[in-house]
Structure formats: structure tokens, C-alpha cells
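Letters A, B, C and D name the chains as they come in the text, with residue numbers starting at 1 for each one.
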Amino acid sequence: MSSNSRGKYFTLTTFGESHGPAMGGVIDGCPAGVTIDLAEIQKDLDRRRPGQSRLTSPRNERDQVEILSGVFEGRSTGSPIGFIVRNADQRSADYDEVKKAFRPSHADYTYDRKYGFRDHRGGGRASARETLNWVVGGAIARQVLTHEQVDTMAWTQRIGTIELAKSEAKFQRIEVEASLVRCPDSQVSAQMEKAIESAQSEGNTLGGCIEVSVNKVPAGWGDPVFRKLHAELGHALFSINAVKAVEFGSGIEGSRSTGKDQNDAFQKVGEAVKTATNNSGGIQGGISNGEPVTIRVHFKPVATIGSTQQSVNQDGEEVSLEVKGRHDACVIPRAVPIVEAMVNLVLVDAMLASKISRIS
Amino acid sequence: MSSNSRGKYFTLTTFGESHGPAMGGVIDGCPAGVTIDLAEIQKDLDRRRPGQSRLTSPRNERDQVEILSGVFEGRSTGSPIGFIVRNADQRSADYDEVKKAFRPSHADYTYDRKYGFRDHRGGGRASARETLNWVVGGAIARQVLTHEQVDTMAWTQRIGTIELAKSEAKFQRIEVEASLVRCPDSQVSAQMEKAIESAQSEGNTLGGCIEVSVNKVPAGWGDPVFRKLHAELGHALFSINAVKAVEFGSGIEGSRSTGKDQNDAFQKVGEAVKTATNNSGGIQGGISNGEPVTIRVHFKPVATIGSTQQSVNQDGEEVSLEVKGRHDACVIPRAVPIVEAMVNLVLVDAMLASKISRIS
Amino acid sequence: MSSNSRGKYFTLTTFGESHGPAMGGVIDGCPAGVTIDLAEIQKDLDRRRPGQSRLTSPRNERDQVEILSGVFEGRSTGSPIGFIVRNADQRSADYDEVKKAFRPSHADYTYDRKYGFRDHRGGGRASARETLNWVVGGAIARQVLTHEQVDTMAWTQRIGTIELAKSEAKFQRIEVEASLVRCPDSQVSAQMEKAIESAQSEGNTLGGCIEVSVNKVPAGWGDPVFRKLHAELGHALFSINAVKAVEFGSGIEGSRSTGKDQNDAFQKVGEAVKTATNNSGGIQGGISNGEPVTIRVHFKPVATIGSTQQSVNQDGEEVSLEVKGRHDACVIPRAVPIVEAMVNLVLVDAMLASKISRIS
Amino acid sequence: MSSNSRGKYFTLTTFGESHGPAMGGVIDGCPAGVTIDLAEIQKDLDRRRPGQSRLTSPRNERDQVEILSGVFEGRSTGSPIGFIVRNADQRSADYDEVKKAFRPSHADYTYDRKYGFRDHRGGGRASARETLNWVVGGAIARQVLTHEQVDTMAWTQRIGTIELAKSEAKFQRIEVEASLVRCPDSQVSAQMEKAIESAQSEGNTLGGCIEVSVNKVPAGWGDPVFRKLHAELGHALFSINAVKAVEFGSGIEGSRSTGKDQNDAFQKVGEAVKTATNNSGGIQGGISNGEPVTIRVHFKPVATIGSTQQSVNQDGEEVSLEVKGRHDACVIPRAVPIVEAMVNLVLVDAMLASKISRIS
């Protein structure tokens, strides 16, 4: 698998730099006969788009996807789906300051060490603009997954230290989308908005946590050993820029508890086998058990801050650096559709694998 | 990549069930000319071996590795290294009880749903006995990595709720290995031992946390986008049975802080570029920056407990189940070499990738 | 590896249908720091372009490549190189006839059976227009290979039954390109042109053979067992539409001879180890031995002929079919750069593999 | 994909050197629930075994396979199938002569150049003993393929210049196996035996050709572009030691003909769509069309000959070399089951791919 591809059966390969002519990618392995709704893809891109609210980067990108192949008369043909999204509102001059200097906690220094030189404009390939490619892939993955009723939903659980109390209540997608920060509780949402605005005004930035729940995953998805659902999801989620921790099910809290308290007893509910609790987060032995798959994804605060920082430049001189560019004070609200996309990319791969796990 | 393989350049493929004739695997892509020290491999296997202390499973396995190919006159030839480890002390009859019933929070149910039937003895392929294959692979990976001075060390940071306070002090491997639970602080170690014994006596089990620090990783290892060092390490670590959370650098705590507090300023130390802090955990943009790579890996409590549990069997009947078999009350001490192995498998792959990232 | 990708280290992933908006692809794994000369890529595309002479399809395509990423200030950055080539001169209406009917010896029937339906216009994904993506990839591969002086040259050895006598004479690229059919012998070339024109006038088509010689491949490229240079080249060449046979070195003729006559004795030439003969075609045990790599690639006659044929349609009815569309009576001349591209794609992968085959 | 693995869905990974302790491998991706008949595997190994007749190498190996995992109560479990075959009758001292010198047309020189040193005993990893691993994999692949009635049969078509006339007659497997050289025509078989004995007595060796016909491959197997059935079969067959040419369908002869003569017209035979001729060899556009898949595989003469040859040694000195060791004067008869194995490995992969090519 090349570095810019993911997925064994449903493979997304991507390219593009923040300040190059276009982002884009190829989806290979989408089964033939899936209805591809372009408006649905665009809707997810719009949820990720900069400039969608006063809380996000003012970079103005329409992020309009152009499908170049693989879809004929509204359905996937089985051929690879090529797509591009043109970059439009670039201000490369904003990055002259960092042409030689390395921004702290960015990828400037490490790319330079790896490749010997770098496209410094907007972070080049390390830019989070890459994630729009994943949203395109994830939106198509979702359209395949609807054939099995699988439903992935993510929401903002925490911004900085403002967090949603744990609750058994199930949220509706409409409640999530009603909030500028994608937190389904309107009171907590209001506090989170304030926290972001306050960070913005101080030239500071915040991190946070996104929760995911995937409903109706059939029992039996995921493979043993090195393609465990945990491992594949972990891989996909740690591919997202700024993700520093991932938890499944009861996560760290569960690891402080005991086997007697954590084990999920099996029981019959009508004819179905269910578990009394879901500390496992819907995955046992790396394979789905039919319960909701639950994940928490933690993001570090955005590295681009509005104040002078100490750094070093390519010539090995210490410099003090002030970074321009149009950035978010907190990426969590825009990251919600990105997290959903990555989860859907993993699940569609597991769905296809499940079709060939036994002889029929 | 097949489900039982990992690594693009240095590929480990494994097989084996807990109660089959043997475990084993193939390492493909080990460069020619590496000195292969069998005693070093065996030493790591001994650190993972059941029966190594009163705190671990009494299953008595010598776990002696036999190398079948790829090594000639003490050096790797570039050909695949095949190996097996015979299973010896099996008591398959212990598992008659679970032939039909599904152990809660085990892989019995999910394997059954995926494959239609299962080898029920000792968990079959889902058994943690598989991890000895990884330890063999990791031990060989380590022998390659010594060519670049890379040094991976893991230790027990927490068992249940007993934990090592965060400290800047660097531990020595000898301090870790002096402890039955692999915790380098002798006082905390003693408390942890007690906690495990107490759980044992109650038929209960504990989880915990293992910390890792990798020193001397050169700047520039790891690839962008879908082979980020985070993503590859996350994948490898979530492949370990019972791992439910993984954190890099300042992890969840860092995600509650702000960009101003978290950014790692660059500075010169002599001629070297270093960072003033290491909240990034040695990885920026998915690529190593030359600082120690720091990781925390959280394990759920062992699912096999010594008390009667409610469950369901293959025929869809509710049953109450008491599981025999010889199990650990806490896997953390034995998991330390497993975590090291997985980290080394990822790093050797990144090391090889780094050799072809630019034209020379 | 997905179906539309090839190469482990230098991976080309492609998309596009003959009558869709664009062809395109992603090259992942090109080392950083390689000078990328766009004019060189375009020159290879022009050698493959329809409409380049009276002997080729009159479809008029400029086949202008647009590089979308991965190149900065004239050099590869190590990031994936995305590219597209817009389709322009399509006449989809020409294909109304085959919307339902299956063209004999084309992919219409097999795609229909595989996917349940198909994009019938111009052969969809099965169109040889796909090969322009390979020419782009191969042209970039060649620019990497020049760092090791490797030089791949192909020419037309046979069209129908008109063939170039075997000769030890080495051809110059300029002699090949001086010929409309890319045969370096001007007399044979003239005969071949006549043969194609004669087939054209009869609504018939011809096949033929392309020879390849790769000079200055260092000894030690290629991997044992399943990545033998033979196997990788065979795979790449049999991926080309209409290729029905591939021979290495003395090929079929050599297989009729004996070991005593075929073995290539080693000898010293100055300080270099050379072979007295090159029946092995530069590859022994799947690995290059430093002699020229020699290959013969045989193409069946073009399946689109200018006469009425018996066939069957989607509804299972027998039909008689007359195919329109603008087609070549012989693809050999345009296939020469395609063969070179495939060989270069394989060799650049072997070159990168060779950098990590032993510990330094 | 690592160098010692093949197959995307049904992946065979192998290891072992001729004079090491054992050969072996791992089959990953065999669907659960397939009946695994060990006797069938052993039967194929016996067809490949040295010492099976006076015409083959007298090395005496029982080649008994031991399955180590993945099979439970006679059926595949979906877990990887590990296996080993111990090496027994080694005479490493036979190879002292070639410890430093390079045997002409063998892999000695190229391995040395690639890896810097080599296991010289019996050719090490380059030994054709590796092919027994493929026979194990292929025998299991065949047991999966019987679920779809697919039937692969190969036979000796030519040894040196003695060849079976082309015939439309279908052979029975029993006729093939009745012949010491696996040629189904008893008169031609007798001539072939004589040719081999004559070569043996002169210390010379012969090559030849194996034909394959695969019956009942359903239409729609194989993938476009880089996983065409041609390409995958070509790859697998060129992986076999000594294979120098591969032809599909009417092959080179067909490439000398015209489109009008070569096109395979579609017709109805009852309800089925069939082709009037099968010049395409059962594959169109890289995908099976339901007709028999027909292939010809040409082998060079064995490189180990019984006479003194000129060569060079590791120190760069010219030497004259006489090779001992027990070798076949012609490998064709023993290669028949190897060719079948490789074809079956490719087909089982295509069969699994076909299950996920469209949404159901």
C-alpha cells in the first residue's frame, strides 16, 4: 500500500497541496451498481468547508467536487472514481515568513528533514486541506454502506475543557448540525462557542474531543490479528492531522476498572443476541458484535497561534516567528465530518471483506 | 496486505492457534547482512512467557523459537525468515464448557458470526498466544534498528488505579526488569503486585497502562497522510488484544490545554535542532522530529474472570457460564515486551522507507 | 494493491474512461529531488497520440497533461504527483450500435458479465486510451531512472508477417523515430507501412511484435520468488491491451535448444564480469545480471474491424454488428512508447527496492 | 505485497532454502468452511517430488506436508493455514565447488550482487525446491475452486523439439498421469522419454513447453487494468524458475494473422452465450468470457549441465567449473503440477474478487 492510499478492498488514493492547483483522488474498488448522489458528497464537503461560520477560517473555498470517471448514468460502474477539487482562494504570500523558518509543532521541520526541501506554502502536503479528499471518499463509502443500513454519526463532545456530560441519550443528526460547533446540547454548544471566540481574541487555540457512534454494524465485520476493526479505525483516525489520542468503548476509564465490572454479558432480546452493557464499544476480538461502535477522538490545540514564537530556520539560526495565514482557533467543529468520513472508509472495507470470509 | 501480515517493507506474516500444533510466521524484507542473535530473540520470548512469575498464567510453555530459513552463518541473507514455536502445555478439555457458549467480552461470538464456526479451544486464533509471533518479529526488527541506535523501552505505568507519577526521570531497563510487574519504581511496583494478587484471590481481573519511550529515532522517519508514524503505531498497538486506548505525547491532557501552552518551540542545542518541550511526543505531521517518541497504551481488564457469568450459546439459549483455563489476572507485565515488539516492527518499516524518500 | 494500481515503491494509480471527462492518475513514491521535465512527458504522450500519422486513428486529441501536485519549483517533492489529461474529441454517438451488442473479441461482454452493466462508449474503462496514463507514469519513471543511467528502448520488430531480421546491430532511437511504424530499418519499415495500408483498405487489422532492450541496468535489481524481474515485467506487459505473448532473452527458440547451447558463460572484460552470450536476456534467478534486458512483446490484431460480424446482444439475441468509431488498423507503432513506459515503471520499482536490500 | 507473497485475497507467503531445515508458508484468506483434504495436497506434492521416476533427480525427499494451523475438524476456519515440509536428503558438500564460483545461467552471481553474500548450498532461496510451497498453496486453492467446478489441467506439449501436434481432442487427466513425462499421447511420450535419456547420457539438458486448459471458469473473473487475468497469470507463471515465454490463446501465431481471422464471434448455444472460436484463450479485456482459458508456458533448458564450464568467482578470477549435485535433465514433467498450482492460485484470487465486484 502506498503512503497516500488506504483501504484494501475500497481503496482511496489522494494527492494535492494546499496551494497547488487542485486536490483530488481515486477511489478504487467501489462495487458496481451503487447509486452515487453528488449532492450528498457536496453536502459533506460543505460541512468541512472553511468559511462556513464566524468560528472558522475565512479562507473562501467553494470546494466543488468534479467526478471524472467511474460513474455512468448515476451509478458506479466498478471502474475507479477519479475526482478533483480545485483550489481557489490561496494567498501564498502569507507564507513568505515561513519559507525558511520552521513553525513550532507543524510539519515544516520534519518534512524538510525527510525530503531535503519542501513546498512551504500553506503546509504543502501536510495541510489539513487534504482532508477534503477523505470527505469525498467517505461520502461515497457512506452511499455503499447504506445498502447495509450502517449509520455513522459524530459530534463534538469537548472543546478545550468545556464538555458534554456522558449521557445515554441518543442524539439526532439534526441537533448536531443545528450547532455552530456541532455539539448537540444547545447550552454546552453556546459555552463552546464562547470558548472559541475567547481563544480567537487572545490569538490562542483550543483542542477537544469528537465522539462517534456507528449504529447497525452487523456482527462479524473486521478481521483478526492485523486488520482488527480497532486497528483499522485507529489507523484511519490517527491519520487525521492533530489527533493525539483515540479510545474505544469505555476506553481509559474502563482500563481503571475490573473485569467483573467491564465484561459485557450476552443476553437474548427477542431472537437477537445483545450485550447488557457496551463497554467493548461494539468490537470484541477485533470484530463487530452488533452493538454500536463507540469511539472518542482527541485533538491537540491548533499549532498556528497568533503570537510570536521562538524557532529555528533552515540555515540553523534561531529566529522569532510570527505566522500569518487564515486559520481556525479550533478545528473540532469542521473535523466532525472528517472523522465520520474516516470511519466510513474503514467500515466499507470491512463490509466488503465480510462478503468473502466464508464459502457459501 | 493480508489480514495476518503487517509492514510494507519489513513484513511479518503470522499463523497459529493457542491449541494447535505450533505458532509461527515469516519475516520478509529483513535486509541482508544483519547479525541475528537467537539468544536475544529468546530473551524477549522469555519476558512474554507464561509461568514466568506467580503473577502470571501457570500454563507452562518453553516457547522455544526455531528459525527455519533466511539466516546463514549468523547473518540475515535477505531471504524470508520462517520460524515456528511449538505449543506444548495445552489442556483443551478446559474449554469444553465454551465449545458452544460464548464467553462475555471474548471473541467467541464474533468469530462465530464471521466464520460460521470456530476453533473454540483456548480462543483459537484470537488467543493472545499469537503475540509471541510478534515478539519474535519485533526482536529481529530491534536487531535491524540497532544499526541506527534506535532504542525502544516500555514499562508499566499503571495497573488498575495504582499508577506511577509522571516524572522526567529516565528509567533504566534494568530497573524495569527488576520488577515482577515491570514498573521501574520499586514502591509502586510492590503496590501493583498486591493489587494483582488481590484481584486473583477475588477471581477478578485488572487492566492498566504501559508507557513507551523510543530514543534516538532520527528526524524524518514516517510518511505523510496514510503512513504517518502516529497512524502506523496506532494500528500496531490497537492490534494487541485488550488495548482500548492509545495516546501520543501529551495526549488527552494536552488536548484540554491551549496552543500557546502545547506548542514545542524549536531551539539550538549546540549544533542540533531540539524542541524546548516534547508535547508532540516526537512526531510532527506524522514524521519523527528527533525527540523521544512517547506513547501510552491502555488495556482493558482481562475478560476471563473466575466467576459465573450470564451468556448465550450457539443454539441461542441463555446459559450461565463458568470458565476454566489458566489465565492472568492482569496482562500488563507480560504485555510490556509485546508493546516494544509492535513499536519496533513499525519503526523498522519507517527506517527502510526513509532510505528511499529522496534521490541521492 | 487495488486493481488500478501498480508498483510497490513507485505506485501508479489510474482512472478514466475513453468518453468520460478526463483520464488521470496519481504517482506515489517518486523520491524527492528528481527534476521533472514536463516537455519530456509531453514528448512521450505525442508518440502515443492518435492522429500522429496517416496510419493511426484520426481521433484528434491533444493529450495535454496537467500536473496537479507533487512538483515544486521543477522538482519532485516526495508528495504524490496527481495529473489529468482531458478527453476532447469524443464521438459517443458512434457507439450507439454497441450499446446493447457485444463486439467480438472486445471487453464488452466480459465487463457486462462482471459488473452487470457497462459504460459502452468507446469501450469505457477497457479502452486503450487508458494507456496514456501509463505513458505519463513511465515518463516520470524514466526521469528517475536517468539517475542510474538506465536506458529503455523499444521498436517494432514485426507487423503481421513482415519482420525485422534478428541482428546484433544496435539501433539508435533516432532511427526508430524516423519511421512511421517505429521500425529502425527503413526498407522493412516501408513494407510494414504498406501492409498496414493494405489492411486498412480491406477493413482488416494486423498484430505484430515489439522488441525491447534495456541498457545499463545494474546487476542486482529484481527480487526473488514473487517479485522476480521476469514476473514483474510479464505482469506489466500483459496489462497492455492486446498483448498475447511475452518472451525474455532467447525465449521460445531457446527453449527448443539445450543447456550446453543456452548457458551464458561468465567472463572478465577488463574488471567487469560479463557473459559471453545473453540468452538469459539480462535476468538470472529473477535478478538482473548487468547485461541488456531483452524482451519481445506480441500483440494480437486489433479487434475492431471494418466488416459485419456475428454477435449476441444483452438481451441474448443473435445480431449482426457493424462497428463504427475511429480505430487503428495496427496498434504496434503507437504501442512502442507504451511498452517502454511499462518497462520503466517496473524498473524504477526495482531500483528503489535495491536501495534497501542490504544493511549498509 | 512483500517479495515472497502473492495474491490479494488468497495470499500465499513462503520461505525456505534448499538446504535449510524446512520449506514452508502461510495461506491467508482461505474462506472458512472449505473441506481440506490432506491426501489431495500430498498427491500433488508427489507429482512434483524428485525421485518419482528414472527421469528425475534422484534426491530422495518424502516431501511430507505438516499443516500447523487454520484447519479444524477437517475444514478451513478462516484463520491462516501455516505449513512446513522438512528437508531431508541434503548433500551440501556437493556444493563446495560453487561456494565461491558462479554457476552460469544460475542465480549465484545475481544474488551475490544483490545481497553481498549468499547461501550457496543448493541455490539457497533460488532453488526450485521452493516450488513445493506453491504446490501446497495451489492444492488448497484447487479445493476452494471446486466449489465453482473450475478445473485446471496442464500437460507436457513439448520437450526440446519433440512436440504434441495441435489437436482439438480433449485429454483426460488419467492419460497425462499415465505418462512418465506427463504427455497424454503415448507415442509422443515415448519419444520424449528417449530425448531426455539421451540428454542425460550426454550431460546435457532440455527445455520445453507445458500447455494449460482451465475449464468452467465462469464469465466475469479477472479485473481491469492492472489485475487482468492475463497479467496475473503471466506474473504467476513467470515466477516459476526457468520460464522464459508465456502465450495466451492463439499467442504468437495469432499475432501473425489478421483481425478478421482472429476475432471470436459470439453465438448462442442453447441459452448460453459462447464463442465460435477461442483465439482469445478465454480472456477478453483481461476478464474471463466463459470459454476455456488456454496458456502455453515455455521453459529454458536446465542450467546445471554435466560438463566443464567457464565462469568467474567471487574474487573476480576466471575459473573452470564442474557442478555436482543431483539434477533433472529436463524439469518439464515435474513442472506440470507446479504450473497447475500457479494457475489455481491466480484463479482463486479472481474468484474471491468476483464476489465483491457489484453490490447485491
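Before moving on, here are some points about what is shown:
Just so we're on the same page, a residue touches a chain if its C-beta (ideal position, glycine included) is under 8 Å from a C-beta of that chain, and two chains touch if they have at least 3 such contacts.
Bear in mind that the values here come from a model prediction, so they are computed numbers and not experimental data.
Pairs B-C and A-B differ in how many C-beta pairs touch across them, and the larger number is found at A-B.
A centroid comparison over C-alpha atoms places A as the chain most distant from subunit D.
Between the CA-based centres of subunit B and subunit C the separation comes to 46 Å, rounded to the whole angstrom.
Averaged Cα coordinates give subunit A a centre that lies 39 Å from the centre of subunit C. For the pair subunit A and subunit B, the distance between mean C-alpha positions equals 26 Å. Residues of subunit C in contact with at least two other chains: 1, 3-5, 8, 14, 29, 32-33, 78-79, 114-116, 125, 224, 357-358.
Residue ranges on subunit B touching subunit A, taken from their complex, read 1, 3-6, 8, 14, 102, 104-107, 109-111, 113-116, 125-126, 130, 158, 160-161, 199, 204-209, 219-228, 230-239, 241, 243-252, 254-268, 271, 273, 275-276, 279-281, 283-290, 298-305, 307, 309-312, 316, 318, 353-354, 357-358. The touching residues of subunit D, counted against subunit B in their complex, run 1-5, 11, 13-17, 20-26, 28-29, 32-33, 66, 68-70, 72, 75, 77-82, 84, 114-119, 124-125. Taken together, the subunit B residues at the contact with subunit C in this complex read 8-9, 29, 31-34, 78-79, 144, 147, 224, 352, 355-359.
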